[in-house]
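The letters A, B, C and D name the chains in turn, as written, and every chain counts its residues from 1.
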Amino acid sequence: MPSTIGRILKLTTFGESHGAALGGVVDGFPAGITIDMDFITKEMARRRPGSTKLGTTRKEGDEPRILSGIYKGRSTGTPIGFIIENTSQRSSDYSSIEHLYRPGHADLGYDMRYGFRDPRGGGRSSGRETACRVFGGALAKLLLRESGISVDAGVVEVGGIKAEDYVWTPPFPGPLNAPQNRNLERMIEAVEKAKSEGESVGGIIECHATGMIPGLGDPVFDKLDATISHAVMSIGAVKGIEFGAGFAVAGMKGSENNDAMRISDGRIVFLTNNAGGILGGISTGADIIFRVAVKPTPSIAKEQLTVTDSMEESTIEVHGRHDPAIVPRAVSVVEAMTALVIADHLLIKRAYDR
Amino acid sequence: MPSTIGRILKLTTFGESHGAALGGVVDGFPAGITIDMDFITKEMARRRPGSTKLGTTRKEGDEPRILSGIYKGRSTGTPIGFIIENTSQRSSDYSSIEHLYRPGHADLGYDMRYGFRDPRGGGRSSGRETACRVFGGALAKLLLRESGISVDAGVVEVGGIKAEDYVWTPPFPGPLNAPQNRNLERMIEAVEKAKSEGESVGGIIECHATGMIPGLGDPVFDKLDATISHAVMSIGAVKGIEFGAGFAVAGMKGSENNDAMRISDGRIVFLTNNAGGILGGISTGADIIFRVAVKPTPSIAKEQLTVTDSMEESTIEVHGRHDPAIVPRAVSVVEAMTALVIADHLLIKRAYDR
Amino acid sequence: MPSTIGRILKLTTFGESHGAALGGVVDGFPAGITIDMDFITKEMARRRPGSTKLGTTRKEGDEPRILSGIYKGRSTGTPIGFIIENTSQRSSDYSSIEHLYRPGHADLGYDMRYGFRDPRGGGRSSGRETACRVFGGALAKLLLRESGISVDAGVVEVGGIKAEDYVWTPPFPGPLNAPQNRNLERMIEAVEKAKSEGESVGGIIECHATGMIPGLGDPVFDKLDATISHAVMSIGAVKGIEFGAGFAVAGMKGSENNDAMRISDGRIVFLTNNAGGILGGISTGADIIFRVAVKPTPSIAKEQLTVTDSMEESTIEVHGRHDPAIVPRAVSVVEAMTALVIADHLLIKRAYDR
Amino acid sequence: MPSTIGRILKLTTFGESHGAALGGVVDGFPAGITIDMDFITKEMARRRPGSTKLGTTRKEGDEPRILSGIYKGRSTGTPIGFIIENTSQRSSDYSSIEHLYRPGHADLGYDMRYGFRDPRGGGRSSGRETACRVFGGALAKLLLRESGISVDAGVVEVGGIKAEDYVWTPPFPGPLNAPQNRNLERMIEAVEKAKSEGESVGGIIECHATGMIPGLGDPVFDKLDATISHAVMSIGAVKGIEFGAGFAVAGMKGSENNDAMRISDGRIVFLTNNAGGILGGISTGADIIFRVAVKPTPSIAKEQLTVTDSMEESTIEVHGRHDPAIVPRAVSVVEAMTALVIADHLLIKRAYDR
């Protein structure tokens, strides 16, 4: 199901960067939920290009138009179809590189997979596709909100500068979508410097799901961490994910890594959270915590070695209105994919509650 | 589909550590493939407890019995059912901890999810479940072998000691399943030390798929890296995955991270492989390379703080025949899950080749 | 997956009768197929209200707008999103029956399932939803055409009048979409009579898939007949399906029902086709033949006994522009669902051809 | 998913008639359900060859062995694996027909689909496969029983003799599994006559689900009738299905076919049940009623025209211990598939209940 994700709460998406419109369908959404359009609009705005002075100056009209599944302001339980019209395409920007494979881009892969490709603005592989994910994620968040679950993410490293001594008090405003911390200025400078050099930088996003209900996740293959990984790793530019202590477990002993348990106010609490809130693929009630690695924007102004689709060597410089860092705008996409997965597990669990 | 993974090549598994048997079904496997039982037996042996002097002395009879789908030594295209009888259970080992949640274990999660649990040896969450994955993976490898694709993994870090200057010449024999390298002795010592102290250590496994066919992967949700992540992150004890440059992208510039392309012998080659062989979620033909973080065995002899299933505080020491490091035995499981995913994508791609 | 059907070729739909628009996504459609818009338009026209003088005078703007997945007139392999705007709603027609359950309609079921319902024009359960099916079916037919497979249906009984001595030479023009036959005039009269009486009539549609490729179908659960049945029985108003000899097998002996085989021109031919072209759930190469029962339009002008959604007894007369028989317009929908299923099986089989 | 059926309650099966064993996995079964082994054994016995004096004298050891998912007599929520060993194969019976396509059998289809086939006893296409379905159905019935839902079927026509004036008081004992009725003796004689002539006869099974919960079914594709049709039409030998008035709707008027509603004891009741308990694909609370057509056993002793797998014309007589009518033994299989589908919908609905 390449364009559909989820088991009973499903998001299906379609659309290319420079086609008529993008859109999709949210299916399996419960009936009777009040659809807070202000909230959805705000979520969409967080992802939109031009939403931060650090990013592209390209403007996209990201107004989703809901076509079905809602009556008198509430969901009806039937599929919620939506479209986002494309209005600001400049297809001519891309004609010069139609037959060149841009390094770090999906151009080559699509030709190998489909033998035929819409080259305008990256076509289906464009980051613009994530607008549909954020729309779906906004609906999922409305559902989670009813159960007291929040999903928030922020940038904790960019251009090699790590956020230090940060406190997790989302949401994180500002151009970087990063938590307040000692290095925030240096992080911003790293992005600005890359921009001025025609370069780009990568970074790391941290995501927390709080107010978690224990018991979400379906071993042995649809574990909570496995399905979150599937969803989040399907975001373009994401190259890695780690839960809790993550790769640091390689240097830890069992006695250090195991999270000790105590009772507090009649509930189980963990003295540490190296597990990232998940044991055996099932939520424990502790916060879900994970981090994802986001690569530098592949479109850079510097000359790069590449090849053409007729197997000739060439060079390329990718000019245009590109973000020097994908990281800040990817924050809302990571949240959206995580919210969709958790909401799906929540519904599945309800099917089995007695 | 909690116990089924794959889209058209599917593995379904069942079985608890101390039940009558484990087993499963491989469905959608092509007809006419010669089933090399020697190969399957060898793959199973690589995962088996007691296969390395570093691990548990527990012996498990991991002989899979194939019940269907094969006629005169070849696959018939119908589902391949198999079971692995449980013969070496010592259920009494576990009676003392039936009502205690072992730190780092799935006990708590299962109670939260199902409200009822088979406590013997971890039940469904036992690492023994992975025997079924290795069986399915062995079949997938037979399929990939026909297309010239190999999947191999090895330990590149354990107990905080990194393999240095290693050459990738799999398979990697020896107790650690690690490539030959400057620190191999120190890596082995780290595990032995943990064992002698009643402790455990974590590590990192690297996996390569070579001989790759370009064009495998199905954007936007069933990208090759997303589906491998789902499959690999569903292995117990795995806490992170990163492809190519992975988390190091956070400190790289676009010009460093993008893999330049040239033509060699009429084929596209990449001068670096920071992408790990995948662009836009589709294989490029370069080797797939990823690493996974494996946590220390949660069962340790040291006293730990925990709680009971009736919400009382307690302490626990987990004695028994446990591996001081899961990493060496997880190598074949990582390969198996990866082989299953790639074989599934290979079949899907064939459906669309013209 | 309530709003998605198919295994690798998938149709997802959304939309209510009186919402902003209907639409959907065709996913898994192969790249490089020329999209014949004239053909798609003609297919849509066959289903459209007002397409026959026997039916409703209600006009619907059924122009599908394709939003993605097509570039320079050919499919790109990415999802094909489409919408059909709703332009001719008269919501006020329905306000008087918002709280009445119309007999034979889905109103009651939706309230039981979702607890909340869009009552305008039947909402999601409106026959208008089938426009999206016909769009998807038209794409599937383009795919089947490349392999020489045709899917055609026609009305063979309506209002109790059976088509007699008909020859199968599709397509079947005229108001009934019925094959030329001895009783054609009587069939038309039966519908006209029902219309004049404020009544409605049911009927039977026969469907043939010709030029079949042997070997389509996936036992034991995704047999060709089982998946066609799923798809066709999901059409509103369809109450039964039978393949080949169908229910008549109850009176046949094995020696009568078994289709004898001979060789002709080097190919296997069947002397009869009681199997309807399917044995063991797999196509044999003979024509697929099945019939479906379509109930009378539930909306009738006569007074009927019913209840309200607050559990009070009442009566109802459903006035409006309703078809006196659903059968003629359901012909293209039956074809569409069948074409989608066969195309899906065709792609799956290709995945396994060597 | 050829060998898996269901959305969250899933049955996966494997096994050939003359392989080592058949078996399968029931996944998504709720935890904490008491597993009534006596009931399961009785259900298995109803399907078993030799269970009726009218059928084959072949004995099969149909004892299912449960391997997982149950602890202390209750389900744990993890997959329930089971096998049924094959003990009574006489492979030599079939050697003479290895290269002949038996008319009415799946032999040809399997060769076309897979290019390779286990010919012994029909291999995967053997009716013996349905033992796994009955096992899965027995578990589903245990689940439905908790909600007060029963699923029962009986033979209402065989060899052209219709049950007349029968009362629906299941279960129906006796050799035919038919309800007591005026023609019962004649029905039995029809089967006995066919048997004595080396012939076989077809028939019709009626199935009722009573105690139904309203609101089960998921439009627009996973409607209750569509998914029951999928499941039931996947049973070998079933050639048609009709709900409620079924094919008779072709001769009915809207005013006759619509089921009028009244209130009785505060609940909605229908004065007729032409809908078969389903409107718009959703259960109304009325009994689900449908009928299925079952073809005559294709294995008959009479000489028939056929071809070989090397494209030569031939004749065949199929001797062996075959049932003269499949209908009586198919009764429990129809119930099983229906119970699985309804239980799956029941769980899905719970996910959305608030």
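Points to keep in mind about this one:
As a working rule, a contact is a pair of C-beta atoms (placed from the backbone, for glycine too) under 8 Å apart; a residue touches a chain by one contact, two chains touch by 3 or more.
Since the model is a prediction, treat every value here as computed from it, not as a measurement.
Of the two interfaces, B-D and B-C, the higher number of touching C-beta pairs belongs to B-D.
Of the chain pairs listed in A-D, A-C or A-B, the one whose interface repeats that of C-D (more than half of its contact pairs identical by residue number) is A-B.
Each chain gets a centre from the mean of its Cα atoms; for subunit B and subunit D, those two points are 39 Å apart. Between the CA-based centres of subunit A and subunit B the separation comes to 26 Å, rounded to the whole angstrom.
Separating the CA-averaged centres of subunit B and subunit C is a span of 46 Å. Contact of a single residue of subunit A with at least two other chains is seen at positions 1-4, 7, 13, 31-32, 77-78, 113-115, 124, 219, 352, 354.
Only residues 1-5, 7, 13, 101, 103-110, 112-115, 124-125, 129, 157-160, 194, 199-204, 214-223, 225-227, 229-231, 233-234, 236, 239-263, 266, 268, 271, 274-276, 278-285, 293-300, 302, 304-307, 311-313, 349, 352, 354 of subunit C touch subunit D when the two sit together in their complex.
Residues of subunit A that touch subunit D in their complex: 7-8, 30-32, 77-78, 219, 347-348, 350-354.
Subunit D contributes residues 1-4, 10, 12-16, 19-25, 27-28, 31-32, 65-69, 71, 74-81, 83, 113-118, 123-124 to its touches with subunit B in the complex.
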